[in-house]
């Protein structure tokens, strides 16, 4: 009985969570004629791939795709490495200024990025970094870094120090102990944070919009995603198809990490 | 090491003093082959026509490499601002006629007053030339215009026994009521089609905003403007257009393509979009100018369209001007008007529109074209959607006088907020 | 020994360097802009003039700013409470589900999370459309006739409600997945001993789960406060802060001023005051961090 209630509740959450996403894909597969039909249909009567064709054939698609992947992956990996170092220093070492550092990192999350658009633009202009992916990568790295540090610190702090010490007693060096014992336990944390960083950087539009001006080949996918619109309105079929394709990498990343990391396994490791 | 850090800090500090690009001396002219970047808005020109122009232009101008970049609409305001503020801007930019004033006022746009005669600017469309002209200086060069007409479904008109388009507003309401029967909508007019409202307000003798002794004032609360809103409300009720949305969302051509909507208000170029969705409507679409108060002249319409500007930060001023001249010249204008169903930039070229029902209806209306208030902050009034929200409020039962006073105050505040 | 004490500083050096150039420097510049007459003309031509605290005075003296602050507070409170409660429930649910169902639900959450903001916002706009929207259709079919053709976006409160639903929907996946990851790190023995001691489900939650995850909860609450308070594109696309400013929160207000009116100076002032307000709101959390 309890299990039934639980499953019914889970199913309800599942439906509510998935419905808007389902609607997005449904629209992507509907012929334009059916998108604005007066009675909503919950299943595509005559599914079509035309919107996906339009989306993929839009100018610059493959270039933007490559740029996005490059910028996002570099920014996220960089943030992960830099954050891991900082989080280690904060949770595993005692040093003067540690409290202040933690507060600064936390406060950095409040950074009003929307308002920093103009200053960052001016800095890029004055250092001749306009139209360059490097500047963009730097900004995305910085947007995700404070969050990555804060979350990794939370996850690291939750891992008992005794585990490491036990390993060190067993003769491992501190680094090896960290890698063998702590790192696997940290995996779910790394998963959540890297996914967050990925989604944030992947979706960012405001900065690429003003930092990449003349070199169109340096633009990223969000520009493409917003390009199915003209004076008469938006081609929603194509936009939804594009949005589906756009969301795909994050989803694949999630599934991949989920398999690799195996959250349940980690829990077992702690128990054992 | 320490010295280097200091030097770096000094560089940053210098930058922090707000030293912009040096625009006083004018950008240097580079010699040799020049790559010219031209920004054209998505949907303004077809790829094929652009290609034709590029090939022809590069053939006629040795050493010029044209890079025609199609710009997506989302975020275009910020992108143009950033381009004007950069040190190496695109050389020619297409800008909507309601947006130019703010860019020109910022000082980032090259003054082309001296070129007006060379471009035969004597008979430019006022709806394009005036917004491009700030304080007597011509910054924007008129490119093309389009104004809204009524697009109707011939089958539904025939079915309701209507064989002649209406000539006056009263007739219009009558036939629309007749068409609004059964599963059909007399007109699909969304609650926030504010360019249509502007036309009705102008017809009544009202306005959106007026200049009084140096200051701007929103005047949607005058009796004339309220009469325009009242007409909009009566017309809007003769169909199922959502009261809290504009014509772009959902795109009204997709709704019209369902075949159950007798009329929409749109630029004639929309016909091509309807056919993309529903090819069966070919030859089933008719066009007439928006009716006026009396039969002797069609309704006043908002002249939409684009101008071309050259950023001060362009490094190829002279060559950029040559491109503008070609784009605004007779040959390309004729091609553009025919291909895209636009009004050309000069009244003497309007002849190309004759013969085609859609463009003829537009040309008839264009004679009564008007532009939005010519002030740098008008773009902000549009961007904040206050007029749209006013319309929704009235259509959903709000008191027109009260709502009109609120929106007028809001417009007044925005227009006078300095720059 | 001396070598050892240098390590932590080396470890945080990359963070500090990145932060100095890409965050602190732009922040200082923003602060400088907020003290200048800096509009579109100054951005393009340069040569901004220093005017002191004029922009701040203009903001703080007007009633509008304080109304916006109040609205932002209400907006943040409603959203954060809903997000935390719902995501805790979902995380606890995830732990108890069998593998198949759990994976399905987690994938659904990841899907919702990964959906681009602009696409999700548009879909919600359609779902709540007056004439063609699924929500009105569903409500009318269920017998709520008054919702036939109901104009959600004509009414301030209704628009606000739609935005809350949208933001909660978008934010819950992250919080739920993170809490779930946290839950799995709690050693099973703790639960077992709590149950042996005769604890009910609620008691176990209060006595074991919450204390173990206290830090994670504090983290999620403060992150959500920051994100919800700063949430912008959803509101802008759906309502532009309207109708009648009913959904104009601080970021929307700053955007209207800075990027629509091109008053970058005043916009920077709003943004910096927002940071100060956020810092004040989260001061307890900051204090706790200094202590730990």
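The chains carry the letters A, B and C, assigned in the order they are written, with residues numbered from 1 in each.
In the analysis below, contacts are C-beta pairs under 8 Å (C-beta built on N, C-alpha and C of every residue); 3 or more make two chains touch, one makes a residue touch a chain.
Keep in mind that what you see is a predicted model, and the values were worked out from it rather than measured.
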item	value
Chain pair, A-B or A-C, that carries the greater number of C-beta contacts	A-C
Label of the chain whose CA centroid is most distant from the centroid of subunit A	B
Inter-centroid spacing, subunit B versus subunit A (mean Cα positions, whole Å)	37
Whole-Å gap separating subunit A and subunit C, where each centre is the average of the chain's CA atoms	15
Residues of subunit C touching at least two other chains	25, 29, 43, 126, 131-132, 259
Residue numbers of subunit A (touch at least two other chains)	36-38, 117, 122-123, 205, 226, 234, 236
Residue list for subunit B, restricted to those that touch at least two other chains	18-19, 21, 78, 81, 85, 249-250
Sites on subunit A touched by subunit C in the complex	6-7, 9-10, 13-14, 16-18, 20-21, 23-24, 27, 36-40, 82-83, 85-86, 88-90, 93, 95, 98-112, 114-120, 122-123, 138-139, 141-142, 145, 147, 149-151, 154-155, 157-159, 185, 188-189, 191-192, 195-196, 199, 203, 205, 222, 225-226, 234, 236, 239-240, 243-244, 246-247, 250-251, 254-255, 258, 263-264, 266-267, 270-271
Partner subunit A, residues of subunit C touching it in the complex	5, 7-9, 11-12, 14-15, 18-19, 21-23, 25-27, 29-30, 33, 43, 90, 93, 96-97, 99, 101, 103-120, 122-124, 126-127, 131-132, 134, 137, 169, 172-174, 177-178, 180-182, 184-185, 187-189, 212, 215-216, 219, 222-223, 226, 230, 232, 251, 254-255, 258-259, 264, 267-268, 270-272, 274-275, 278-279, 282, 285-286, 289-292
Touching residues (chain side subunit B, partner subunit C) in the complex	12, 16, 18-21, 23, 77-78, 81, 84-85, 102-103, 105-108, 191, 240-245, 249-250, 312, 377, 379-380, 383-386, 389, 392-393, 395-396, 406, 414, 417-419
Complex contact set, residues of subunit C against subunit B	25, 28-29, 32, 36, 38-48, 125-126, 129-132, 149, 151-155, 240-244, 256, 259-263
Sites on subunit B touched by subunit A in the complex	15, 18-19, 21, 37, 41-43, 69-70, 72-75, 78-79, 81-83, 85-90, 247-255, 257-258, 260, 266-267, 269-270, 273, 276-278, 304
